[in-house]
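What follows is chain A paired twice: with chain B in the first complex and chain C in the second.
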Partner chain A sequence: MHSALVRVQNVFGFFTTVAFVVATIVALSVVVTPQAPSASVKLRNVQVVRGRPHYYSTKREEYAHIKFDLDADLTSLFNWNTKQVFLYLTATYPSLDPREPPSQAIIWDAVLPSLSAPLHHNQYIHPAKNGKASKGKKAPYPPGEIHLAAQRPKYQITDFSGKLQNRTDAVLELGWNVQPWVGALTWVNYQDFGVWKGLNGGKSKVFQFPEIRKRKEADLKTEKGGEGNRGKPA
Partner chain B sequence: MADQLLETLRDAVEGQIDFEGQRLAELVTTVLLGVSGLIAFFVGYVQQDIYQTLWIGLGGTALTFIAVVPPWPFYNKNPVDWLPPHNSIADLRIDVDGNQVG
Partner chain C sequence: MLSLSPRQLATQVLNFALVLSTAFMLWKGLSIASNSPSPIVVVLSGSMEPAFARGDLLFLWNRGLDTQIGEVVVYNVKGKDIPIVHRVVRRFGGGSTPLRLLTKGDNNAADDTELYARGQDFLNRKEDVIGSVVGFVPFVGYVTILLSEYPWLKQAMLGLMGVMVVLQRE
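And then the complex of A and B:
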């Protein structure tokens, strides 16, 4: 510590140690913060049509368009160390070959920002209570509370085999990924873990994909997320 | 003149402090940084605001740099009493190849 340079090195060195220790404690503090998420997922409507789901599809195949109701209270996922929660809804159904694991496809997703997160155009803004887009980018509910009725999907789903009609035992499942400011990512949990309660609900009733409808008769509109802006500067 | 200027400049940049000052600087570093880290966590946790943790932590670090790095007068209160300089070979006669050199 005899010269200024040595003192700079010493102070900076100990600063990194303190910063690391504080960050560790912050990350661990999440484990003792109680969580009790609950969600209700309902299938509203499912249609299967045959065609090219995207302009870049190379072949005609069967694809499904799923509308759903979602009422979720995930407010307890937003503690002081939560930056954002990536929320997604998957459709899960058994594969044609019973030896294969079930197929899973995301039909809708959203980046739910916490109040401390800086604004970004990818973030999800909950529609107003009358179903219209929220004015002034202000969500009508606190972060993590979601009430969607007859929500259109963001993504139509296709199957590896190209066949989707009359497939059975499908279920909609809610999933998430909590992204903290400091610490580990955590995914949806159905089991209790300490003061973290498992997700209550979060799965729809089992349903079956219907027969193919004519494309013209079906309502195949999808929802666009804020990330539709990708490629453009923020 | 230029040498003298360079010497003052070097002293200012080196910022030497005495031995007691070094002990004190070490202590101040540990205490200030440690305490600001603790305060940062607790204030942030109580207020449920991680930005307060960040800014209190960084502010405490800046304060530590200001308190420790410059050679403040209180780090130089116990200057070392060096022995007076003396030339131990002044009284010797040194011959090299018959020529007196010392």
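And then the complex of A and C:
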């Protein structure tokens, strides 16, 4: 009755019960934590070029290279249950068929770690103020504050139809995915939910994809992210 | 210790079968509620780091057919039975034409075009995707990875459980 085995079992059972209850409380506590994110997105430059989806493909598609300015204050998204915020900027434009919903493609993304997350090579390192290389390990801004000017995109995007030039009514929209330590994943909200205020700003002015013009190779460099897998996708 | 009457033995077997069938019913019930063939999956690769590491448990929901950009979906490559957990980076269609998605792992430099079946450039939401991730518990699923990578562990665990059942009779 009081053997070591029974005691171990009791302790283990108690441990799992407590862990489960604490995890539930932490996961639910996020709902009552206020948030007030704000962001301003501006288009800097957009160019359209012809390219191939992979080196062995025969079809040629039109790719857009979109440079942007981003100023965001997402510090309120980081609470004790936030492990990281996956931030992304999408280009949203109407589909060629007017009955379809708008098409969307991510042009840039960043993994913003919280201060409690362990270091990982895929986390975003914010460039230092004044464009100098970041000195040492001190981040220039607290987690969630972003100030980028003339930022190159990470991805050059194409449309399902392969045609992008001269298409109108495109918009850049900011989005995020909050990854918790435990619980439910949440995405960007433009509406208010209780104490969670919707994103203030976050959409650029409407722009148009220009027509294809010959451009210098250097203009179309993309930003390299911190992803670890550079070869075949895992 | 091993001198069980047939009735006691039958009761033990019945209890064990009851536990197994309850677990099975819970699993299938969750499957139906979430409309996904596999409502709880374990992350197998490091392609979504640092968000999901190997061994994390993911809860899937398959009733949101209008998958938004930025959502994390689990899909099977056409013809293969390997579930892949990646993020949606492009979406097209979704009205009368089927919703087409392009996915990419957070820790992969390239998108998933190379992973898809030959001639397939985009995923079809209805056909290929088995759910999108709504919640997660870290690290708990690592046991299943160990069990599949070290098959002798399965025998060892079953043996251990058998020994425990026998020992607990006294």
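Going forward, the second predicted complex is superposed on the first by the 212 of 234 C-alpha atoms of A that agree within 3 Å, B and C clash if a C-alpha of one lies under 4 Å from a C-alpha of the other, contacts with A are read in each partner's own complex, and residues count from 1 in each chain.
The working rule: a residue touches a chain if its C-beta (ideal position, glycine included) is under 8 Å from a C-beta of that chain, and two chains touch if they have at least 3 such contacts.
Remember, it's a predicted structure, so these values are computed and weren't measured experimentally.
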Chain C versus chain B on the shared chain A, clash or fit after superposition: fit
Three-chain overlay: angle at chain A's Cα centre between chain B and chain C, nearest 10 degrees, stands at 40
Mind working out whether A:V8 is in touch with chain B, chain C, both or neither, as first, second, both or neither? first
Now for A:L185: first (chain B), second (chain C), both, or neither, which partner does it touch? second
Which one hits more chain A residues, chain B or chain C? C
Using the touch definition from the top, say if A:F86 reaches chain B (first), chain C (second), both or neither. second
Determine, under the contact definition given at the top, whether A:V206 touches first (chain B), second (chain C), both, or neither. neither
Who does A:H120 touch here: chain B (first), chain C (second), both, or neither? second
Once the shared chain is lined up, is A:R99 touching chain B (first), chain C (second), both, or neither of them? second
In the superposed arrangement, does A:V18 touch chain B (first), chain C (second), both or neither? first
Touch check for A:A150: first (chain B), second (chain C), both, or neither? neither
Quick one: smallest Cα-Cα gap between chain B and chain C in the superposed arrangement, Å? 12
Common ground on chain A, meaning residues reached by chain C in one complex and by chain B in the other: 5, 181-182
Quick check: in the complex, which residue numbers of chain A touch chain B? 1-5, 7-8, 10-11, 14-15, 18-19, 21-22, 25-26, 29, 79-81, 116, 181-182
Any idea which chain A residues touch chain C in the complex? 5, 23, 27, 53-54, 83-84, 86, 88, 90, 95, 97, 99-101, 103-106, 109, 111, 113, 117-118, 120, 122-123, 155, 157, 159-160, 175-177, 179-185, 187-188, 224-225, 227-230, 232-234
In their shared complex, at which residues does chain C touch chain A? 45-47, 49-51, 68-72, 87, 89-97, 100, 102, 104-115, 121-122, 133-138, 167
Chain B - residues contacting chain A, complex: 13-17, 21-22, 25-26, 29-30, 33-34, 36-37, 40-41, 44-45, 48-51, 53, 57, 61, 64-65, 68-71
